[in-house]
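Got a structure for you, questions after.
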Amino acid sequence: MRIKFVAVVAGATALAAVLAGCGKSGSSSGGGGSSSASGSGGSSATIASKLVLGGPPEFKTRVDGIPGLQKTYNVTFGNFKALDAGGPLTIGALKNGQIDAGDIFTTDPSIKADNFVVLQDPKNLYTAQNVLPLINKTKATDGVSKTLNAISAKLTTDDLVQLNVDVVSNKQDPDTVAKQWLSSKGLGTTGTDAAGTTLTVGSANFQENVVLAEIYAEALKAEGATVNTKLNIGSRETYIPGLQDGSIDLIPEYSGVLLQYFDKTATAETSDDVYSALQKAVPSGLTVLQQSQAQDKDAIVVTKNTADKYHLVSIADLAKSA
Amino acid sequence: MILADDNSSPLKLFSYFSNNHSQVLSWLWSHAWLSVVPVVIGLIVSLPLGWLARRYRWVYPPMVSLTGLLYTIPSIALFVVMPSLLGTRILDPINVVVALSVYTVALLVRVVADGLGSVPEEVNQAATAMGLTRFQRLLKVELPIAVPVIAAGLRVAAVSNVSMVAVAATIGVPELGQLFTNGFQLSVSGPYYPPILLGLILCVILALVLDFAIVLLNRSLTPWRRVVAAR
Amino acid sequence: MISFSGVITWLNDPGNWRDRVGQEGIFTQLLNHLQYSVVAILIALAIGLPLGLLIGHSGRATFIVSAVNALRALPTVGLLILFYVIIGPHIHGKGDAAFLIPTEIVLVLLATPPILANTYAGVQNVEPAARDAAAGMGMTSTQVLFRVELPNALPLIFSGLRSAALQVIATATIAAYVGLGGLGRFVYDGLASRDFPQMTGGAILVAILALVVDLLLALGQRYAVSRGVSGRFSKRALPADSRSGEVVQLEVASA
């Protein structure tokens, strides 16, 4: 008994010692705690103050998240629930009433299926999000670029919605859906443009990105490249370092969030501005190829009932008093 | 309710498997070695540590509680911190291997120490009387007698590793856990059971196979037990 | 890239301990974490303890112990997702029930096997002579169970409980993966917003919480276990405590 007790105390002491030691040895580097974003204030009760917002965990601190809603629209929700990035948790919670408003993506099939209302964003809080390939510079040969640019030239926002319906709602295999899309756009031909190149195509862990990665992979394969895939890699925090250290070479990305990731102070809003700012902001080892017109943006979405009840059309309406 | 959507029926897990078998099998394979390698590394590290804790009694309490402390660190946090500690790449499976080796050591050090301690004093005295040196005694008497206890610990480590490897899928390491995260992503418009159930079944099968392998190994390393049992 | 001093700064910042709008502080999340864990452990005790005593006492239906032990092979993440996907769509309205129920089920499934296995093994390991002596003194079967077998099994029951508590507290971190609170919130939020100090700070808090709870249970064990069983009255203290670890007993339980 005594031995055990001493053991536990010794363990606790050791932990304290380790903590203290780490404190001394730690290198410099800022970061620190998260920014506040409090500023509740607001004397008259707004519509937003009666509602619960759900979104990805980083929405609390993201420039276009809670701080952005407050700054751009003077909208402060009654509460925020950290869920996922437009995935099953956020959509499920919105559908079942655990949250009243959610941050989800504009190409999500459930917007149509569940009658969600996308609130308009007249002040462009949500910047352009054009789909484009982010690639390791050494792999961006002329042939590879030509193949991927041909895809960007044909991809539309409606295509994205349909790809999501096929994969998420109809449970079709992403690889099959990718091949179908390529041949429907006349890109299913074979060639030798990318012959001799070996690439690893990655994707984020949501289905739209997986299909886009499969489209890139299939097209490059058809042009003679040797292609590996590493799909469903976690979030940007995982796969961008993966691109930089060579774990993967190519990934489908979205211009606006990518710019935010590389440059937290970026202010560009329109597709063209974002794209040119992005070309400058991308770290030296990487590059972005031509962007498509297809966009998948963040949006604040509410249920039909909530929209009707409070007469909501735009995000700005949330700041009105209830 | 469960059978509402034909494509999402739990029974579709077989067709899901046949449609995706090459992907699923490669996940199964990496899951297997991500579970096994840490057990081997953990055992190699734990043997000398456990021996130290047995040999010098004052080492036992801090050693056992320090290694036990490692077990309280949430696995997801350990996976994510590893690249910074090791200088590895973020998607490197090495991160998972090292993290799980840490857990295995946390589990095994105490088991090894206790196993070596389970040798009856008379046996040790007899061995010394026969002229065995301390090292010979460890190798020829104490370690073999400790095998069943260590094997019991290994079984727990192997089975819990199979479960913990799956967590690494949430940060993108390709293994069977991908079936869970994929199934989750596809459950937006209603539960999509096939990948989730397939993942659970394959994990259980893998755990049972590893468990059985250790039982067999234990048996082949302790032939005298069967002789005794046969009498 | 890595900065442990940032972790200390994060932990020392009083602003991180207090609640803010849309972001609960460390105090609240600590309580949430403890609450999820305690509920799960209590339910697991309510299942595992009587079942283990009964099976150990009667020597019947021992397959239940092996069957429950096999639950350990089920991966926690997979179960959590499965239960959320099954239960979530049926719960409507505000509140955390849709996220809480699946999480608690998974934590209970995690905590029950060590408690059940150790209770069973503890009763099973009571010296037959002690049982016979009690019966010879005229004790009924129930009296033997509660006055002889239970007190003798307590050290093993406690080590099962401590092992369960440790696993539950470490694993309650994944509650944040399905949108709940608890200390895992800091781990997942830190991960999502590349806030390394927050993530590591959260992980350290989980480890400290597990340690403190283990310490309290160790004190409880010291108080609850009869000195006649623990051997504390004896000058030659037996290493009984160190020998009664859950792992070693597993073989007994599943043999």
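Each chain carries a letter (A, B and C) given by its place in the written order, and its residues are counted from 1.
Heads up, the rule we're going with is that a residue touches a chain if its C-beta (ideal position, glycine included) is under 8 Å from a C-beta of that chain, and two chains touch if they have at least 3 such contacts.
These figures come from a predicted structure and were not determined experimentally.
Participant: Over the chains that touch one another, what is the least number of steps taking subunit A to subunit B?
Facilitator: 1
Participant: Based on the averaged CA atom positions, which chain is farthest from subunit B?
Facilitator: A
Participant: Taking each chain's centre as its mean C-alpha position, how far apart are subunit A and subunit C in Å?
Facilitator: So the centroids are 36 Å from each other.
Participant: With centres defined as the mean C-alpha position, give me the subunit B-subunit C separation in Å.
Facilitator: Measuring from centre to centre gives 19 Å for this pair.
Participant: Which subunit A residues sit where two or more other chains touch them?
Facilitator: Residues 3-4, 8, 11, 15, 88, 92.
Participant: Which positions in subunit B are in touch with at least two other chains?
Facilitator: Within subunit B, residues 60, 64, 69, 169-171, 181, 184, 187, 192 contact more than one other chain.
Participant: For subunit C, write out the residues touching at least two other chains, lowest number first.
Facilitator: 1-2, 85, 89, 188, 191, 196, 207, 211, 239, 242
Participant: Okay, in this complex, where on subunit B does subunit A touch?
Facilitator: The contact residues of subunit B facing subunit A are 7-8, 19-20, 60-62, 64-66, 68-69, 83, 89-92, 169-172, 174, 178, 181-182, 184-189, 192.
Participant: Enumerate the contact residues on subunit B facing subunit C in the complex.
Facilitator: Its residues touching subunit C are 60, 64, 69, 71-78, 80-81, 84-85, 107, 110-111, 114-115, 117-118, 148-149, 151-153, 155-156, 159-160, 162-167, 169-171, 176-177, 179-181, 183-184, 187, 190-193, 196-197, 199-200, 203-204, 207-208, 211.
Participant: Could you please specify the touching residues of subunit C with respect to subunit B in the complex?
Facilitator: By the definition above, subunit C touches subunit B via 1-2, 70, 72-79, 81-82, 84-86, 89, 166, 169-171, 173-174, 177, 184, 187-188, 191, 196, 199-200, 202-203, 206-207, 210-211, 239, 242-243, 245, 247-248, 250-251.
Participant: Okay, in this complex, where on subunit A does subunit C touch?
Facilitator: Touch list, subunit A to subunit C: 1-5, 8-9, 11-12, 15, 19, 22-23, 25-34, 36-38, 40, 52-54, 56-58, 60-62, 66, 76-77, 79-84, 88-89, 92-93, 95-98, 235, 237.
Participant: Contact residues on subunit C for subunit A in the complex?
Facilitator: Going through subunit C, the ones touching subunit A are 1-10, 13, 15-16, 20-23, 85, 88-89, 91-96, 98-99, 176, 178-179, 185, 188-189, 191-198, 204, 207-208, 211, 214-215, 218-219, 221-222, 230, 232, 237, 239, 241-242.
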